[in-house]
């Protein structure tokens, strides 16, 4: 059993408000782990902490055994940790295609010296990046708006772009924060298929925050329920769906 | 027509001083034109350029326009020392154009490597500073605090004053530069008054920082005696601050010696509705008139030879020419007689550096206005 | 007379047309639900109704009165309320102030409606003195909805009100919508949780590429296999 | 009208790219005509001078377009970097002052610098005291107090030495090296100072950067102006040597043409490099960072480093341009560095031309400089015309300081130009292009 | 004893005066900053404009003040506030509104306001010339010299009439504004508008009114600040431009969006400036004879020379931005 992400006793408070309370979770390598919980449970906060966007108060986070507590986001990216944002963070002044093309790390053309003095290598790599971006954009169904500024896309299209960015590079762990919200269900079906494929064929590990139970049910095992900043239960989707505590806090009466 | 350029600070730090100076120079040009013109009846015209006083690149630009576009024969100007140096080095000297500044008083002009092309009709501040120091020591003032406007004018003056004052046995308790054109000098005044000096020497301009410094000094109540130099001599200062406050303030300025030229100029200026007492107006008149004479003497509108001719017409030996006597001068030159211009603001005998000797006048505020108290010996 | 009647609406951003003749009408006691793929023009249609878009052709009538060129704040006076899809709270105002802003034109409502909204969404009461910018995604959604309710509008436009809400609150929202609607408020909402939404809809509109593809009752659309296959995700 | 504006799409931005650069060409033709007209009206020597200055300004404008156009960093302190460049051009090229080097003062100056180094090391060591278990509040207190004492000691020592230098030999003189050395060092120094400022301020919102740089520029100017021992302060240093024969040797026009060829080569090089970088993934990354820093960081971009890189690059160009300008003006006068001429004018060049578009920026620089230079005679001419007309037909009194008033209008005109351009062509005459991939 | 009085005059009073000026300027800046979301560089010139209006009016009716026994300038202040408010609203209509409608980034608004600054400066100079003029056109500034009841206190504590007006008006303006923003419906609507104008409109808030009201307040505050400043020192067309950096520093140090923060920031910057240029040697003078030889103090013990005064607000600004970017009062993180 190797946990690729190991969150150990993390605490985080904003002012006097304790949002994450002694939270410990493990994500197994090669799994698709679900993270659900009531609104305001601290799921996105935990993501932000893992991905280096927020400092934590105490505790420790390991990525594949290596301590990554409070490392900056860009460093974690290079260690293969990718994330999406719950509220889409597109590059509004870049076109949809450029939004994807900027993702691959270590492009030689990103160093001034190489951009100036090694134009050939830069161009070769650029063609490769573009090919990949083109594939991804077709897959997420945004080909017709690829030259549109991302700021002008619809709410759902921005979320798709958000997801598309995770497909642009070979990551080891991908954190998905509510990618389904606002995405059309038909398309979502395809996306889920793709996530499964990436998981199975390429060995990506996923940690997925989601409120869409169909999606959780199709994708995730195990599922972790977070409530008030700590783990409430953890188990398979069936176990969770039948847990009265979880029903009370999360599914509500309507689910029945 | 013959062109003599005029470079002045029409905008910037000395913009209120510039128009009367320009008027002085223009008066000389009018005299030349009204008395038969130059070089066999040609008119002198005087294109102007704005140096902005503070900005060297604007100054060189303006000078360049004079030298290369207007193709002037000679230049009256510039006024601020920085502008004069910039104009000279960038345009006038490489272009071989003679410049006569009526207002650049800083000692730095003396040392310019100028191929004998740069002159001035106003004495160097080195001299005024010495005289001011002497005046104060004679009056028994031994401790002073000095503040000067942070430009070549203020600095040159304060250097000269301080060393002369200390050589004469006085002590300068603090010597502080201040920026021109600020609204508030209270912290500078705090530093100055911290020394305990009762006499405040302000080497700045009456229209800008000088006024504010004196007003705030009065408000702070830390000084009993104010002293200024030529930049501070202006009734606008007294008006703005109050006659009772300034009563007894001591000042100096480059004066016009008791020469016949002074009176003549006063009359001529009054006839033309120009204030003859305006700072540097007489010097500007002399500069323009001298250049006219030099060109006439040189015999052509060429630049070549103007500076030599200028030396020849300005200094003895020769028959004396006074302000306004253009016709007479032209006749004498035509006859091949040597002439010697004795101007409105001095005898204008240039030394090797193109500087003139000067006299310094003592001024004091009495009954709400600056009044002359004779020359400082 | 329908409460809202939009006919043949054309419009878009700058030069490009997004809406190519959309019809949409609901009565005062009806719930209308708009579904469709991403980028179909659903949000754009709501913006067009709410006066935030240049409508180049077509009519939009509120109780028979044309409203297309009125400024937004006039529309609010006329009884419309709107919850946008993105940027739908005032981040630096506290939750309470956010809600108060909802009742800007009806200051008399504040007290009564505040307690009602807190009752709908208990987490908001807890967070009432916290700036809305610090809320979680779902909590923001509650604030946005609450803000719109504060003015007691007669026509409520909701752009994906349940996005990001836990199942519990998703059902809660649908219950509220039914409740509000029962009190005589017309509702027009865009939803991606299409099955649940259409289940409560009196009228459903399927939009694709800026045009009506299907228009029918909610139940009928749910039952239509074509609709289900291409728009509701099977 | 009120509500419909906010989702407006920018037409200029997404309009399909025309294959043939009509806009560029027509603007260039207009510019060429304008330059030709100036040559006719003002003569070749003057006009060449104008072109040289315009080319120096073009380097400044390219620097600003990198910072603002590429990366959205608004540097409102261009003047400070220009002044630094000018200072280096002066110090390295003017002759050595033997009076200073033969005196004991260089040694004393070195001693003060030694004190400074020791002091800095001490303060640095103190700031690490927590390692010894000292509580952090105590450490801060001790560090601050010791730092202040060190500062006071060094500063009063320095005052002594510099006063001695000033009173004995004026200033320390120059190094008498070739002109280009000063230019290179000027660029490097400006970049170094830019590095320091950037390090502190770049993490903040761009407004704050504008305020901070505005301040830095004034501080640099105050330093250069008041350090008479180093720069002669307001007494100015001139003439400065040129990298090419000067007008005294070969005449105005030729000398300036030679100078122009030097700056033109520099611009070509810079332009080429910038274009290449901008069109490479580097440019895309910079635009992405400008757009959204949080997600750029999440996409693995080191935003602090990149922002710093770009700010420093811009500052280097400003220093370089400032040095070239300083040498050309042949005078170093700290008082002559004015925000209006050296910051706002450059700003107008960039916004008129098109921030982020290198060609547009070049165009803006030359066009605006011509307008700026020609506005003086033009303003006077217009004023005179009006005054004469008024005098003749209505018997107006001519105000005495006509010139002065007419020229005040220049400040106004620059302001007007900024606001009007922002309004009419917010992206400039040649806007930044959106990249379309087919 | 004299040294102590000297300290009072040159540090306590001078610092409070400078602090109040910065504070009252910063209040206006902070308001635009938090509502319109940009650093309004033209604020200083609006101040100058207000003072210029007072100057014009006072020149026209030099004796208005005698009637009620206050300086004429103070009598004219309300009128000048109205005029400046009108100017502010006009400037917004002409220059900022189109930019806002275009949805430009805040930084572009900053540049626009730089353009406005230059225009105002050019215009004011065109009409007033560049020299300094006193706002006391026909009357005389009253100066209170309070001799201290101690033996040997040769120097009096000096405070002038406009300084007293300054303290009072600053306090009134700040408290009033704070109440307005936090208590009134319009004030909250202003903050809402600053957060999200689209949503504000969607809540039925007429944003045009809000913007106009904001500018009226800003213009009025600017007129007060400019007038009091010019009364205390001298009216000058480029007077307030030099205050831009310290005023912004004060607003940011205090915390953007907080009227009280502006006061705190103003005083921090004001006192820092006066303390930094104060020659501490003066206070040590009584002891200097008793110091051992090797500890002879240099004659100048000021931290910075007065010529480097501008460095002080800059350093405070940078320090606060690094240490606590939201300012003392936890303002907006912009």
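We call the chains A, B, C, D and E, going by the order they appear; numbering starts again at 1 in every chain.
Throughout what follows, a contact is a pair of C-beta atoms (placed from the backbone, for glycine too) under 8 Å apart; a residue touches a chain by one contact, two chains touch by 3 or more.
Keep in mind that what you see is a predicted model, and the values were worked out from it rather than measured.
Common neighbours of subunit A and subunit B, by the contact definition above: D. Taking the mean of all protein C-alpha atoms as the reference point, the chain centroid lying nearest to it belongs to D.
Chain pairs C-E and B-E differ in how many C-beta pairs they share in contact, with the greater number at B-E.
With chains reduced to the mean position of their C-alpha atoms, the one farthest from subunit D is C. Annotation: 34 Å between the Cα-based centres of subunit B and subunit D. Here the CA centre of subunit C is 52 Å from the CA centre of subunit D. Measuring from the averaged C-alpha position of subunit A to that of subunit E gives a distance of 48 Å. Per-chain CA centroids place subunit A at a distance of 43 Å from subunit D. Along subunit E, residues 198, 201, 207, 305, 307 each make contact with two or more other chains. Among all residues of subunit C, those that touch two or more other chains are 13, 52, 71-72. Residue positions 15-16, 150, 177 of subunit B are each in touch with at least two other chains.
Taken in their complex, subunit B has these residues touching subunit D: 10-11, 15-16, 18-19, 48, 50, 54-58, 60-61, 64-65, 67-69, 71, 82, 85-86, 89-90, 93-95, 106, 108, 150-152, 155-156, 177. The residues of subunit C lying in touch with subunit E in their complex are 50, 52, 71-73, 76-77, 82, 84, 87-93, 97-98, 100-102, 104-105, 107, 147, 151. If you check the complex, the residues on subunit C that touch subunit A are 13, 36-39, 42-44, 85-86, 123, 130, 134-139, 141-142, 159-160, 163-172, 174-175, 192-194, 229-234. For subunit D in complex with subunit E, the touching residues are 2-3, 5-6, 8, 72, 74, 76, 148, 151-152, 156, 159, 200-201, 204-208, 210-212, 214-216, 218-219, 222-223, 225-226, 340, 344, 347, 351, 405, 408-419, 422-423, 426. Only residues 42-43, 45-46, 49, 53, 225-226, 228, 233-236, 238-239, 246-248, 252, 325, 329-331, 333, 335-336, 338, 341, 373, 376-377, 400-401, 403-404, 407-408, 410 of subunit D touch subunit B when the two sit together in their complex.
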